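The data blocks that follow each hold one structure.
Both complexes below contain subunit A, partnered by subunit B and then by subunit C.
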Partner chain A sequence: MKLPSHITSTARRRAESASDRTPIYAMVGNPNSGKTTLFNALTGLRQKVGNYPGVTVEKKIGTTWSQHGKPIQVIDLPGAYSLAARSPDEAVLRDVLFGRREDTPQPDRIICVVDAANLERNLYLVHQILDLGRPVIVALNMMDMAAAAGLKVDAAALERALGVPVIPCEAVHGKGLVGLRLAMSRVELPLARHRWDVPAAVAPAVAELQASLTDNEGRAPLVARAEALLLLTDFDTVRVAGSRPLSARTHEILGNWRQRWESAGTDWAATLIRSRYDSIGGLCQDVVVRTREQGPSRSDRIDAVLCHSFWGWVVFGAIMTALLFSIFSLAEGPMDWIESQTTALKGLVNGAMAAGDLRALLTEGIIGGVGPIIKFLPQILILFFFVGLLENTGYMARAAFIMDRPMSKVGLNGRSFIPLLGSYACAIPGIMATRTIENAKDRLVTILVAPLMSCSARLPVYLLMIATLLPGDAVSAGKKAGLMLLMYALGTFGAFGFAWLFKRTLFKSAPPHMIMELPPYQPPRLREILRQMLGRAWLFLKNAGTIILAISIVLWALTTYPKHPDPAATPTEQIAHSFAGQAGHLLEPVIKPLGFDWRIGIGLITSFAAREVFVSSMGVIFGVAGADENPTPLRDALRAARWPDGAPLFTPLVCLVLMIYYVFAMQCMSTVAVVKRETNSWRWPLFQIFYMTGTAWLFCFVVYQMGRSLGY
Partner chain B sequence: MSANTQFPLCQLPIGATGRVCHLAGDDSFCQRVREMGFGEAALVTKISGTTTSLCLVNGTRIALNHSAAMSIVVEPIPVLGQVSGLREKR
Partner chain C sequence: MSARTQTIVALAIVAVTVALLVRIYVQKCRKPGCGGDCGALSPEVKKLQARLKK
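Right after this comes the complex of A and B.
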């Protein structure tokens, strides 16, 4: 393609200005091609990496350094198969590249990360990117996987054919980084020798749109041409919040052309795709050599079992059971150790200080509130180890495959299961991950039910209740795990049930088509898993040290003041008299039918900030009773708690009902905030609070009243 | 079964290979299938699955749900070795 002179001169001007301005590179490529791995290696950041498509769903900017020590900005982007975005995550990539995002500078240069083991399909996106006429570097990643698949990919030949630097890499082993950095440091990059003619019949439409995009949207001519090509073949343009809309004039031209083709019955989209693939096919002939005949690979053989309609389920069930069982059996020792340490610390403070409000703040407020939470760190670590293992090996995508059938029964498809599975760890990344879902209605349904999956913040609540319910070491880990499994199952079935209901009522739509790539299996990278675990552990501790600490202190103050007029009042009388006690009493009529008293009510209120705060609140409220000389574990304090008439408060039934309450109730501020951002309105988070907490109340009411009438 | 019969991908037996004849379904789905290199004339091998299919296309494993597999019409190819012969016949 011969470039018009005004374009080459802008390119030169841009290249010249690049020497004094920080250049901005964008990482683009197919999903799971290793963009984030490369981005992390370049910038030293630790963005999440995982072996399934759709790990990155939002742009992330980092800084790296050129060969000469000059800063370079790099933007990591979600993966996409094409610039014609079908889902919100792909739309992020498109909008950043076209400068449609207000919060992101338009990148001047592009690194196309390409999976060498799957060159032809990966080059499709590259082909579209080259249309943009911006300097491109191709990072030919996963050279090891290509070799393992019996492919010899000739980087030099590809470089000659495309006319842009092609750097062979193995991002995960740090190979090729030097070459890539060298290329990125070049002041001038060659523009692609990119020969591809727009089919003649579509050319007038492209020209007209291009002119409008240049005039009305202020695009550079080549970008305008690429965008015109895209707009013509984009059927329903996925828009994300924060993107600038098209101008009215462009919109009108686009509508006219579409109408004209529709009435003529021509399929321009298919023609354009075919002509791109033809040009790519010619290119690949000289670049890829197959060294041996292709048979079923190792991944195919594993998949024959793991995706089997019977054995797949057996394996899936075994993994889930192993996860829950190890949460109970492996964590016991470290948990007891942490508990004994906090108890000892409490004793130490008690011994060293004179009785008074300050000592009470330290022992009851701070240690009493934060200690019970920290105790659950081992379990959180185990959970995230398993999650990391699933994400790293590539099993995540298989789980989605297996779950496609049950998901289709409720009107969703397997793709929705990855966000749901992610929500077992935390609903926030889970809800973000719904950006990979193409159908807007399905995405909304998935967002609405995702918080029903039992997240790691519920773990401390469940564990405390199970410990209170099934005391001591006499009960086997299996029984406890069974009860826990029940809670997880309840949440999961709840999510499915509501998805079914929503798909029948609010969001009626035909079951959409699912097409999803399953990546090759990779050996788990323990360092990566460990890093993710530590990241989560740090977040957990940071939370405990900031939010939970603050809430504990505030709650302690609210339970301590105003002081009971009688100095000899028992701790319970004191709390009842305090501000928190008054609030709890206000709530009591609503929750008494569930078997909860006003003290549990205080926990329900405070844990709206985050579910695990319930545990620390119980620590502050019930911990005081036995705090003075010989502190007891929280579960024993709970078991000793009584109603005013002397009946035990935490009966097994109440513990069960409390767990059920936490399975369903929407008790997380951060989730509300994320749902608001992702749905761009307050309607859905409010609806979610209403339906989830309503269900929780109803369910608990039925279970408690039935349990009571059965004599429990 | 003659090589000319055409049926949806979901009916392709496990282990068999077929060639994509045409795509049904809505425009944006067809576009994505083509963009993923799964368009007309692509060869596809079924690895497993009954309602949800797992297929091998161009060396990548692609999962399709039932409705997606219904919209891709294939013709079976008896033995992989005869691929070139069939292509000439077309």
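Right after this comes the complex of A and C.
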């Protein structure tokens, strides 16, 4: 029999001398117990950390060094309350531990990160992990939080009870890292002393499944035993892309036993789970001492306001308003500075070079395309500062809590709100975050509506349109922020509306109950927020310097060639004659009812790559007209644009309609690719493009025609 | 620089850009996902993954 390649390679690796091999550690624990914080501290990486459950949804690999300078690989995993996976992120954890992932080696050793302030709940997973028979180190994290809650956790007693190293830590303050690294550097780690005896009546089933898992799936004996226990106690239905399915033989054995138990009328699964809880309860009695009786904690007192059915909403509204207001008022100065710099650069190039195609490429294509985008960097920074603040303090989970009621009206629950809220930054991490949703239908609905939330890529489009619509400094920042708020609200209500519709039609299922822990509030860690902010700023600039730059260059070529036969043709006539102009003219009949001309049409086509490309395309197309010796800001160029009959193109109504178009239309290739991967088919991304862009067209049509008939 | 040279240089830049765009697109097709654009994957991790592959 030929063994699958992963098994032979594992065997080969085992055969090599143990000291040569890089040991692999997995970070495992309940959600929000500080795994990623610890992982970052060990590896020096900067994976995302946040004070709410479900931040990490995919495995991440890093390297750290042992006390002896040898490399150690560490895998950071999503959190879970139990190995029985109920949602895709938990399935990632289960699959990595059982060696079911194709792309990840099975870890040799496991670091169980435990929240000392909630020891009993956290130990359930530890208990299951110990069954795997792998060397385990327990990192007793959040000792500061436990002390603040009036708990004294005796690490030595826990170590004695479990028989594995227990290291008290405070990951955020870097405490306990030395001890943890020392434990990780040990050549031999003791195996758990604790043994959990399976009730005798279940033993034959466990044995038979264990044998099949060892033979057919190639598991190590103890892992096979743990997996057998899990298969018997929980339905093992959640699957994620990249996980290896169980063999048919194992399925068959499992089905037989289930049937047998069902006909006998005994609930062995419940018995198994109960006996585990009893064993943990006994353990905690000896380990945790309550030093003082606790009244309501500080977090409880804050929650009395933030989760209040009225004040909660007031605060939520205030936060959103503050965000939008600061986007307009704080960013003004830096924006103007960036704009003046790009204008100066344009002038410099124009002065230094003779007229010609290369000069045009530099000024109109490159500076004209990338400049207007970079201008919005300050706003992006502000947006991500706020997002970081919400994530860091623990407000995110509260937002989900107060949103639970409106969400349940549309048939989802508050948990779906975290991915939606995350989509304000970018739909892609938002869609990834839906992995924490248990119900597959709800997850799909959330994925389908997430791109309707106004992401940061729409910000440049909105801002450009608002600048064109509400000219100059005469208009107060409040008015502009109000218009922006309207767009955000439109997207959010759109998302809710479609979720309601989908839950009524395509994905009928009962509204699920939300079970989610509200983590204690933490003071915002400014360094962490700044780091995340700078990371995003860097990505934004990188994007502007690569994809957007490239698209601008290509678009410039498409608007420049073929050249108009008459050398004295106006820039607009030239673009109309070009390839891009011809494509835009083809599209014009479709978009003319929305008040858009062929030049806007070119922007709509190019911005399918990413929404902010619209701004750079407008820069290339309309910047040409205003170029020459004294370049004007883009918004003035837009305001000067005319239809052939001399009527202004960017009327206030058209600006508004364009913004509405970008609220709804699915204009992002990266999102399409991620939806394809997360849903594992082309059906849903295609459906999404169709329904979103269709809605955008219809909505814009209605608004434009109504506005026209009202005389705007 | 004469107008003719300018046109040739400009067209050469455009050609290189198109080639790069095609390359990025093909890479995306082969490895779907955000390609790190979303911040869910740090650059350090990507470097590490590349090293691990080797």
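Basically, the second predicted complex is superposed on the first by the 690 of 712 C-alpha atoms of A that agree within 3 Å, B and C clash if a C-alpha of one lies under 4 Å from a C-alpha of the other, contacts with A are read in each partner's own complex, and residues count from 1 in each chain.
By definition in this document, a residue touches a chain if its C-beta (ideal position, glycine included) is under 8 Å from a C-beta of that chain, and two chains touch if they have at least 3 such contacts.
Please read these numbers as outputs of a predicted model, since none were measured by experiment.
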May I ask you to decide whether A:K441 touches subunit B, subunit C, both, or neither, giving the answer as first, second, both or neither?
neither
For A:V554, decide between first (touching subunit B), second (touching subunit C), both and neither.
second
Contacts for A:R121 in the overlay, against subunit B (first) and subunit C (second): which applies, first, second, both or neither?
first
In the superposed arrangement, which partner chain does A:A270 touch: subunit B (first), subunit C (second), both, or neither?
first
Name the contact category of A:I428: first (subunit B only), second (subunit C only), both, or neither.
second
In the superposed arrangement, does A:R458 touch subunit B (first), subunit C (second), both or neither?
neither
Under the stated touch criterion, which partner chain does A:K48 make contact with: subunit B (first), subunit C (second), both, or neither?
second
Indicate the residue numbers of subunit A shared between its subunit B interface and its subunit C interface, in ascending order.
none
Can you name the residues of subunit B that touch subunit A in the complex?
25-39, 47-52, 54, 56, 58-68, 71
Footprint of subunit B on subunit A - complex, ascending
81-82, 84, 86, 117-118, 120-121, 124, 149, 233, 235-236, 269-270, 273-274, 277, 294, 296, 299-300, 303-304, 307-309, 397, 400-401, 404-405, 408, 413-414, 510-520
Okay, in this complex, where on subunit C does subunit A touch?
1-3, 5-7, 9-11, 13-14, 17-18, 20-21, 24, 28, 32-42, 44-45, 48-49, 52
With touch defined as at the start, can you tell me which subunit A residues reach subunit C in the complex?
44-48, 58, 60-63, 353-361, 426, 428-429, 432, 532, 535-536, 539, 543, 546-547, 550-551, 553-554, 556-557, 669-670, 673-674, 676-677
